[in-house]
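Structures given as structure tokens follow.
There are two complexes below, and they share chain A, which is joined by chain B in the first and by chain C in the second.
Now for the complex of A and B:
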């Protein structure tokens, strides 16, 4: 059964990650924490892109809402983490539900533009609502529980939360709901004629994507001990979109691979040159020209060729 | 005779072009009824109006006494009226099996189930439907890679998954070889009989039409110019003039 093979492979990956702090490298721990967070972020966006066929240009909005929400509840309102984190996720999901309600009335480029517009609105709120969000100074000095102040502890916390988030997304994407989303993506007219309310399905996918994007954002804010308006900016939405495309939209784990590869590339590139955006442009070029189904697609193509040879 | 589908004064115009002109139509429960007419006569538009794909300019469509005008396709399907499409309308990247499975998931209202694995649901029902249309061997193939004729069979299986009482088939044998056509028609006839379905279909192949239809309606320029038993329609002078020609058909 492939199902059990996936489970074993995931268990091994999680175990290896859990052993990482033994290396004693603070750098490796920090980098991996970031990759984990981006992996969840990219995966959440792919519920919308890969599974439902709706390209959002504004996914950073929910990341930011989760991040700011959790930060503000922890710090300004002194809520415990056990309440702040779920509340931030719910908040991101709720805002996604409201925004999605309007966005799913449109399709394709109009849908994408509307998601972008709403995301700019969220950015505007973060920028202008200075007394709550800190405006362009950012929201800094997030109060963290004592237990999670060390990088290693926070790494384990992130690993646990991302594992839960990825597992939940796995279940959702492979559920009857997930299969129906794929049918909507493949042929929304036909989906209507088997009794599916395609608009409501897309709305639900939008909400799920927003909520899990919010979880990633909350983890990100706490990791950096601050949220900044750049985290809500449209370039962040583009970045996560590229992660998803790079990994491959038609597989579940594609976005995880894409997030890891892109974030590591960015980190290493920045050590040698300030021209990351140029490199990013080249990566995008390669994706569009030769990797339409991402790295995962490349792997399966290579495998198919070897298998037949 | 009770009417399952009752259509009164149905009109549809597209920017001045009248595609459906004052069509009134009654379909009795259990009947097998063909709608024929030359290309562009408005057959597909007629189906689209019934199934909610298009909204009529005026007129009424009632299914088992319930007004369908203004209802979206997904609501109409759930009332027990399913259709296939003239142009292939499947999920090309899903497997043949999943194409039917997802239709069953929708029919059973499981599309909101976020927990049960989709691939484990209604496997038996899916296998049965694939068997019924002769696609058992192709179950794991990618739907978009099937031959045209087999994709049409898949269309039929997807429509049947909605467990309809009224089945609308839009040119079920279009693009098929003569042999595929004969097989498809035989299987449609068996299915309709076995499930007690009412069947409304459009078809260009006159041998198919006169082979299985109990009643025939002829559409011409969006109007029904004749309706009745096959022999009566065949001998109708107006029909002969506009459509069947000098008798070289059928």
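Now for the complex of A and C:
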């Protein structure tokens, strides 16, 4: 079955990524670190969007909680990384569980608006709680363990963490739980009739998405040695949503591709023109008009058209 | 997989072959899109003017200057990524710019990690040159303590007894408030702050605040409402006769021509404010020539003040590299400490300990002029920190 094929393919990708520092290019290492973090972030959101069919406009909140949580524990409380990183992930998951408890009572647009409202609440807390978060000056000067201060070391650390995160999400999404989520997405009424507690399933998915979003946020904060309230703002939630849509929501690896393409495109565009929002607008237009199933959907459609080689 | 190969290729190209006469690269970030562009675009113009002038004279250390310009989007994480890119891909020798406090601090953080000199040309946050000071960060803009000090001085001179204090509720407003409160006992020991109000950053409706200030019975307002905030306040408060009753002493550069030109006839009486530079007034003979060239570049006689800040950042870069006879970050940082240069706003010195330049600002009342549609600062006094 394709299972083993996927395993081999992912092993090759990870191996190639692990060889990247041999190129000697600091720039490539930094850029890939960023892409890896965004890939995990987008993938975590897709647990909600692709698998459960709930669109969240506030996913940046958990990213920010993970980022701020890890940064504050490392710096203000001098915790070791081995404790602060898991604690930050748990914290993001817990907040997601609390927020999710309320959000899953609603569906569709009402659900989306409530996630947005809670996310702006998180933004507001980060803004106002100046003594702890640094307010709108941001939280800079994150203390890092000596071992991870070099960009190459941090790249390997990110690669390892993202690999673990992606693997865990793969297992979760392909378990009975993941398939149940798909059932809820496809027909929540019928899923309810066969005895699935749909609300609880969506709640669990919300929590999982939040926790892994928190992991991505923690990695992001440490990479920049700083967290800023802009990271919790709704524009950040929109950005990751576009990554997911661009890659394709109905495929596991879609969001990873979407994150890589969008982030690289943004980085390269910025080298030539400051008008990235225009480019982004055009991308959105194309997604909505021609690529409703994202880049992955496009690939499979092209394949179907030309016959499998 | 594919993209990593592509990246590797980009990296190799970026590394390039090293030529003996490679240009000196100056990286610069200002907001060029969105709300900050009003300040970032003129600052970038000043930056470019300085680079053009230096190149016409043969560059720095006999090498041409190449300016690598990027948008900081007013987003600290984006600025951090872009600055890393400038350092690792474009191999810039120094980085200048920033506008908001958070962007300034995020750039300072990258400068610390990457050991590349960063000169903050606009961000005023006091943290940068106090708690978060490090070897590679320098500031040629004013800071909130200096601005607060000047405002307290003016409060004392105008004999304000009961003061209303207005600050925007975010980093700059809170820092400026702290700066004013620190200096007020020194200059105006008898003054009392009877009311402190903090509207939100980006607020456009000040109607809840105006009556409170008017009924507080203060004879003067100390304000940190900059740019569009001040414009909105004026439009809402002036029809009520607000400005007839109080002296409005304000930081945030609302004495600049940009604001005077925007408000024109609506600019109220009794405003005393500041600006980094005035196109019609000079405290240094070199200003005239600078202003003429800037006017030519921007194609307007009435040039914006922000250009001078971008310009001064480049002048300091050139002076430090010439003094160090090197472009290495450690040498340039050492050269910047205690460095004095002549600028269009007079002689400036960067303090060796705090890495802060003693840049002053022009302060004065904004008055009507018979032959002009807009107000001008007269008399303009250059208040320079010691």
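Please note the rule applied: the second predicted complex is superposed on the first by the 307 of 309 C-alpha atoms of A that agree within 3 Å, B and C clash if a C-alpha of one lies under 4 Å from a C-alpha of the other, contacts with A are read in each partner's own complex, and residues count from 1 in each chain.
Here is the rule we use: a contact is a pair of C-beta atoms (placed from the backbone, for glycine too) under 8 Å apart; a residue touches a chain by one contact, two chains touch by 3 or more.
Note that the coordinates shown come from a computational prediction; the quantities given were computed from them, not determined experimentally.
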Kindly classify A:172 by the partners it touches after superposition: chain B alone (first), chain C alone (second), both, or neither? first
Is A:124 touching the first partner chain B, the second partner chain C, both, or neither of them? neither
Just chain B (first), just chain C (second), both, or neither: which does A:281 touch? neither
Touch check for A:34: first (chain B), second (chain C), both, or neither? second
Should A:225 be classified as contacting the first partner (chain B), the second (chain C), both, or neither? second
Which holds for A:192: it touches chain B only (first), chain C only (second), both, or neither? first
In the superposed arrangement, which partner chain does A:260 touch: chain B (first), chain C (second), both, or neither? second
May I ask you to name which of chain B and chain C touches more residues of chain A? C
State whether A:292 touches chain B only (first), chain C only (second), both chains, or neither. neither
Enumerate the residues of chain A that count as touching chain B in its complex and touching chain C in the other. none
Touch list for chain B against partner chain A, complex: 51, 53, 72-74, 77-78, 82-83, 85, 89-94, 98, 101-103, 105-107, 110-119, 121, 158-159, 161-162
What part of chain A is in contact with chain C in the complex they form? 12-13, 16-17, 20, 23-28, 30-32, 34-35, 127, 130, 135-138, 140-141, 220, 224-226, 228-231, 260, 264, 267, 270-271, 274-277
In the complex with chain B, residue positions of chain A that touch it: 171-172, 174-180, 182-183, 186-187, 189-198, 201, 204, 250
Residue numbers of chain C touching chain A in their complex, please. 1, 3-4, 7-8, 10-12, 14-15, 32-33, 70-71, 73, 75-77, 80-82, 84-85, 88-89, 101-102, 105-106, 108-109, 113, 125, 127, 132, 170-171, 174, 201
